[in-house]
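Notes follow the structure.
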Amino acid sequence: MNQIAAIAVHAFKESVREKVLYNLVIFAFLMIGAGLVLGSVSVGINDVALVNLGLSAISVFGLFIAIFIGISLVWKEMERRTLYNVLSKPVARAEFILGKFLGLVLTLVVNTAIMTVGFYAVLWFEKGRLGAADLAPLEAVYFILLQLTLVVGVALLFSAISSPALSAVFTLSLYVIGNLLGDLRALGEQSGAALRALLRGLTLVLPDFAALSDIAPAARGELVPGSQIVSHSLYAALYIAALLSATIVIFERKDLR
Amino acid sequence: MLVLALAGSVALRIRLERESTRAEVTPVMYVTSGATLRRLSLGHQGLLADLYWTRAVQYFGRQKLSGTGDYRDLGRLLRISTELDPHLLIAYRFGAIFLAENPPAGAGRPDEALALLRRGIAANPSYWRLWQDLGFIYYWDLKNYPQAASALEAGSRQPGADLWMKTLAASVAAQGGELATSRLLWFQVYSQAGNESIRQSAREHLAAIKTAEDMAQLNKLLVEFGQREGRPASSIDDLVRAGMLPGRPADPSGVPYEVGNDGKAALGPGSRVDLQMAR
Amino acid sequence: MWAVEITGLTKDYRLGFWSRKRKRALDHLSLAVERGEVFGLLGPNGAGKTTLLKLLLRLIFPTAGSATMLGRPLNDVRVHARIGYLPENPHLYDHLTAAEFLNYAGWLCGLNTVTRRDRGHQLLEQVGLAESAGVPLRRFSKGMVQRLGIAQALVNDPELIFLDEPMSGLDPLGRRQVRDLILNLRRRGKTVFFSTHILPDAEMLCDRVAILHRGRLQGMGKLREILDSSVESIELVLQDPAAQALEALAPFALASVRTGDRVRLELAPNSDLDAVLAAAIRAGAHIASLNPVKVSLEDYFLARIEGSGSPATHGQADRRGAERE
């Protein structure tokens, strides 16, 4: 347990000292600010546009951060053999993976929190005051975080297997496909029995990112029902557990360079 | 990563700026399927809907300014916006009014307006104002009073509907086409208008309706004068001198009415009222 | 109980992803290290020394064979709490300072905050990096990295320490410091296992050595025995001897060399030294020195390496050095 905490804190410190993170966060703020502009050149969508643009910015830049640090952090350890320092100590390989994962999630949470604060600052600036209805974006942020932790899990898995460039491509591809599962399913409906079964199987096994997307409803001020929050959180937790288990299994017997 | 993010945000800004300064009449739209766009947006369809809606608004503004009366892409832009976000209510409402309005104020396509509103109602069945807009188009642009009445009636049954919906439904059923009914409808539009464009349009319609009512009233007086004096009035002053009017009435644009060559009430020179807008 | 016991440890590597050919990096290695001794693993580059250490530290997995450390099997990661490891060319985290790095290492060993801090100070002092505690590691020289590597290997005050090329990258002062450090560890009862291809270091430090070449054990034994059993000849140096003295000693000498006013005589190792000395004194020669000439560790090493066609030895002391004579 102690060792997991040590690795998590170390991973967090390491990513916080990554300069790219700051650039991405700054761009996120720029985009959130652009939400004010969008509302002013349009009609009747001031708040909606701000929330849409703000949440989309947090989501997109969060995605970049998740993929970037998710892949580079583990790959760097292996490539630069700093991993020797860790695994020669009383640290199980599973503990290493879990520690890294938690450290990355912590980084994501902190980054997202910072961007969310900025978002609410702009929203407050635009609306003058905030009310209970403005909690809806917070729920959307929670779902964005769930998506991002899933992405980190996927990135970790791939980086235990392949090079960073390939891992980035695979992770991004999985994210895109995960958003299009509905279409995949529809494609299956129109195909022969074998293909339909295959596609149905795939849509059940692949991560359902679309289900975790809440930006548009949040912009309308719609709150997600509590039961849905619970069920989706559970799905994310289970899927992440599966990803981490797979990563650990692969990593357990891997010869280090 | 940096370059990507920078390029993305810069592209967004350029696009927004380009929308407001572009002079060409027909914007080229590479992707015309809302469903495809929705797929490509990966969860950001709300933002994309907002962007397309903004494009629609700016397109309309530009075309209106140019005075050509060419709004051929308006329908498509509105359709895409609402396909991306079926709950973008302002797109349905705005779209309905300006799609249905006759050129040069609008696209003159009440059929497209109806289609848009029907889709809006399908996605937002309990939003009563869409029924109101539907009723309005049937009444005003299609002169289909029975359909208008039933739309208004359906709307009046939705949660949160204003009480006048029921009354209006009844009026339309009974006296569709009457100026008084029209005035009621346009007054609703005026008082609910969320933006100046719509409010201005409603103001013009109300002015035209008032003028039509005034002129009908004046015509009645002119007939009375003719019967009483045995000769047609040559000017409004005749009516004033006959004590039928307290003074020379003016139309809503401030120009006094006159008597036309056909002996009926007419607009004075320089009047800014467009009588076409009364029907 | 052995500190380290290795039995038939074998490691094969696949050449390329699709290839079925294998390279054998370690071939049925068996050896044992006693508690409290300094054990040297010698071998040329590519012999498999680092492979062995990586296997023991569970950084890679054996194809066959087994080993125990401090009585625990290889898959017991918890025993690492009592073990220290300095990898060859240690790689450190650029973004940390020296103190932060030691703190992390200590934390990974399960030390509490206070112990980590104190131990960190102490170790940095010991390896001569006290002034660089706050310097980010990306600015460390090779020598500094090596010292810090040693420090992190000792952060948990381990009973068993593995050092892979500990002297690499160090200047003479640094090497002396590391030598003293190893001797100090031995004095404190620790077991030190270090691998090197620099023989003089081993000669100076080790109790026992093993020689590894092409993945096979080529020789092993107590250093003293190896060196003692390989006395090649005895050297007698005379100061300005008279011609008759040389004649008197000629029957004993295998060779003689004159350098300036000194003559060096090479005598057979089993010479009757009493007789020689008596003859020299009778002849009135001045004896400058009398010393056995031993085979150096280097000679022993090279002999083992060149004879690498022979099968690996199993078991403990190797008397081949003596057999040569």
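The chains carry the letters A, B and C, assigned in the order they are written, with residues numbered from 1 in each.
Operating definition for what follows: a contact is a pair of C-beta atoms (placed from the backbone, for glycine too) under 8 Å apart; a residue touches a chain by one contact, two chains touch by 3 or more.
Because the structure is predicted, anything quoted here is derived from the model rather than measured.
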Greatest separation from chain C - chain, by CA centre: B
Central chain of the complex, centres being mean CA coordinates: A
Dominant interface by contact count, named by its two chains: A-B
Between chain B and chain A, distance of the C-alpha-averaged centres to the nearest whole Å: 45
Euclidean distance of C-alpha centroids - chain A vs chain C, Å: 50
Chain B-chain C separation of Cα centroids, rounded to whole Å: 94
Touching residues on chain C, where the partner in the complex is chain A: 54, 57-61, 77-81, 83, 85, 87, 90-93, 95-96, 104-105, 107-110, 152, 156
Residues of chain A that touch chain C when the two form their complex: 2-3, 5-7, 10, 13-14, 17, 80-92, 253, 255-256
Footprint of chain A on chain B - complex, ascending: 1-2, 4-6, 8-9, 12-13, 16, 19-20, 39, 42-47, 49-51, 53-54, 57-58, 85, 87-88, 90, 94, 194-195, 197
Footprint of chain B on chain A - complex, ascending: 20, 23-24, 27, 30-31, 34, 37-38, 41-45, 48-49, 52-53, 56, 59-61, 64, 68, 175-176, 179-180, 183, 209-210, 213, 215-216, 219-220
